[in-house]
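Given below, in the form of structure tokens, are the structures.
Next come two complexes built around subunit A: one with subunit B, the other with subunit C.
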Partner chain A sequence: MRETQDVPIRHLIPVEFLEPNWRFWSFVFISILGSILIAEYRVPVYDGLTDPFYTPTVLILPLVVLFRLTCYAYRKDYHRHLFYHPNSCPSDKRIDNAGRIYTGETGFFRIENIHRYFMYTAWAILPFFYYDIYYSTVYSGSLTVTLGTIILTINAVAVTFYTFSCHSVRHLIGGYRDCTNCPVNKNSKNLIYRFQSKLNSHHEAIAWTSLIMFVFVDLFIRGMVAGIVPNIILIHRGF
Partner chain B sequence: MLKILPSRYRYPLFFVGILLMEIAGVLFKLVSLSEEGIEAIVIIGFLVFAFSIIAT
Partner chain C sequence: MEKVTVSVFRRDPEVDSEGRFVDYEIPVEEGMVVLDAVKYIERHVDPTLSIRWNCMAGKCGSCSAEINNRPSLMCKTRIDSIKGGKIKVSPMAAYPLIKDLVTDVSENWELLRKIPPFTPREGIDKPWRISQVDIERSKEFKKCIECFLCQDVCHVIREHHSGYFGPRHIVKAASLDMHPLDSLDRSEFLNKDAGMGYCNITKCCTEVCPEEIRITDNAIIPEKERVANISYDPLAMLIRSLKKGRREK
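Then we have the complex of A and B:
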């Protein structure tokens, strides 16, 4: 029979948000301060290049933030590095607090299961990135491809790869099946599933790449506005 | 792999680096500090942040 003291006490607010964990609260502080500064120092559309933080899509940014916060790649990172719990896959005990049991995706953290629905909002935002690329090529009235266009394209491709290498997409396109190697399932759909599985194995790297690209594009456009970075024109042709 | 700094030192440096860069932005808005002074704080913050990532 299980002893009473083994059963963790469940609170409405998870213990991760209540304990004096300097890593988590430092992250919260710099995130709030960073958001205020982003709102304070706005960047105009410069040379047809739209800063990804100041597009109209910023209105659905909370949904995109929730897509990233509930992502399988990021949740591993913040559980390990911000909540410091669990330290690694085989250990469910904290070094500094052995009595604290890892409860995983239970209680409040069931919200992480809503990732499959936020995935659709992430799909909805993708065309806007490609529209920004299109706008940067035609804004001057003639076809113009600049260094900024190339960087915007890399950013859009990174976000697309991130969105479509998602674990929820993997489930949607074939992961729900009990057997993927059975003869009945050896079809073109399985090929797509296998390709996506390969992408999915690099999901964490793609996730961080796309996030770093966001910051890089923002810094690049800020640098251009400040006159530090030149926007090299690669192709300029009239219609 | 060469371990320059253990994580208990790297994590505070990571947050301090970002915080320094953000404080520079706040100071630029609120205090009449010279642009060179603001740039110096940002550069120091970035170096601390970069070191916290590189020094694994």
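Then we have the complex of A and C:
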């Protein structure tokens, strides 16, 4: 804990540079969101690849979407850049004002409080990412490692880090306790909690990396099946 | 000598119905902070300018203001760190104005009094001994200097008067809640009486905190998770009632 608390919050780009440009960042956020929706919505069914919108996969999609939507990291982004509550912390013009209805998380957004249940479903879905990696290496009947395998692996790792750096995990593995080492000198260091806290401090960056990766993988696979993107074979060995 | 123009908000509520920004030209010295510039105005240009300051070292939390709309401590903001050359200094907008850059933050003392105080667990041998690993979480919040910049930047307090106590007070409650020897759980109080549900995790408070306390990640979210435990998570509620039943047997 000491290491994470004493290190000043580092920003890749200084806040002073980002904040006055809230209009720009709102544009970026809405553009990314729009691109994801367009990319994921109803593409033609290619040979051998069924679109998630026409299979039972579509049933788990709301759970994944709700896990992301109720995530503490994304809440900041959509409340700031989409709803302008507030548009930015310091700004020349504060769009948020007393005249706009605001209920925070006491009205509709009360649903944020059950974030942990969507997290549990995310845990259940996680093994399938790894199954995909396994399947991508054996589908041809011999051991094959392709560019797709590497991309699937990076995606699976990003999603795993995202899922386990969650604030709800932090609460479950020790955040709820006030005392881990009582009475003193039990030599309990609470290492898992401390490690997870370190990961958690980068939750936002991990969240965006994994979301962009997620869409990229989807587009890669569709492109590959359509024959637009080549799937380079790196290792090919018979059993 | 190099000069800089500082635009300072001026208003005496007893005389002026509205405030105005007055430009002052100040000679720049190396390492100068905004508070130096404002003090220079008070000493050499206009002694009627009201400012509140004390330690000049970022530890008393007195010189809170908005510099180019960003809530900051005047003593921790160097003139040469402000890009664009324009320096606009105004009082904290979330609080009633007393005069010029001085605001009345006394409502915070009333709010702090409402938070249930430290209540040690019964039957602990004295002297109290606490392991370092356990005190660290609570200790981070003790760095708070009560500058109320987090309160000022919070849109819930500033624009929506919904009864939310604000980040400073959640930090105070969290410092007591996470104290290893404290017996109370204040999350229910924070949710019902302190309006914590109005916080939408936009992290502005964390961004402006001069003590770099990770207010949202380490105080507000853990408290919100505790609220979820008590009021929204049926599984946690069931486990708690089973444990309680076993204890009573």
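The rule is simple: the second predicted complex is superposed on the first by the 156 of 239 C-alpha atoms of A that agree within 3 Å, B and C clash if a C-alpha of one lies under 4 Å from a C-alpha of the other, contacts with A are read in each partner's own complex, and residues count from 1 in each chain.
Keep this in mind: contacts are C-beta pairs under 8 Å (C-beta built on N, C-alpha and C of every residue); 3 or more make two chains touch, one makes a residue touch a chain.
On a predicted model such as this, the values are computed, not experimentally measured, just so you know.
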Partner chain(s) touched by A:Y72 [first = subunit B, second = subunit C, both, neither]: second
Greater residue coverage of subunit A in the superposed arrangement, subunit B or subunit C: C
First (subunit B), second (subunit C), both or neither touched by A:C89: second
Touching partner for A:H167 - first (subunit B), second (subunit C), both, neither: second
Touching partner for A:R23 - first (subunit B), second (subunit C), both, neither: first
Subunit B versus subunit C as contact partner of A:Y102, first or second or both or neither: second
Contacts of A:L33 with subunit B and subunit C, given as first, second, both or neither: first
Residues of subunit A at both interfaces, subunit B in one complex, subunit C in the other: none
Parts of subunit B lying in touch with subunit A, wherever the complex brings them together: 11, 15, 18-19, 22, 25-26, 29
Subunit C residues touching subunit A - in the complex, by the definition given at the top: 66, 68-71, 81, 83, 129-131, 133-134, 136-137, 140, 153, 155-156, 158-162, 164, 177-182, 195, 197-204, 206-208, 212, 214, 217-218, 221-222, 224-229, 231-233
Touching residues (chain side subunit A, partner subunit C) in the complex: 1-2, 5, 8-9, 15-16, 19, 72, 75-76, 79-80, 85-86, 89-92, 94, 96-98, 100, 102-106, 109-110, 113-117, 167-168, 170-171, 175-176, 178-186, 188-190, 200-201
Subunit A residues touching subunit B - in the complex, by the definition given at the top: 23, 26-27, 29-30, 33-34, 37, 40-41, 81
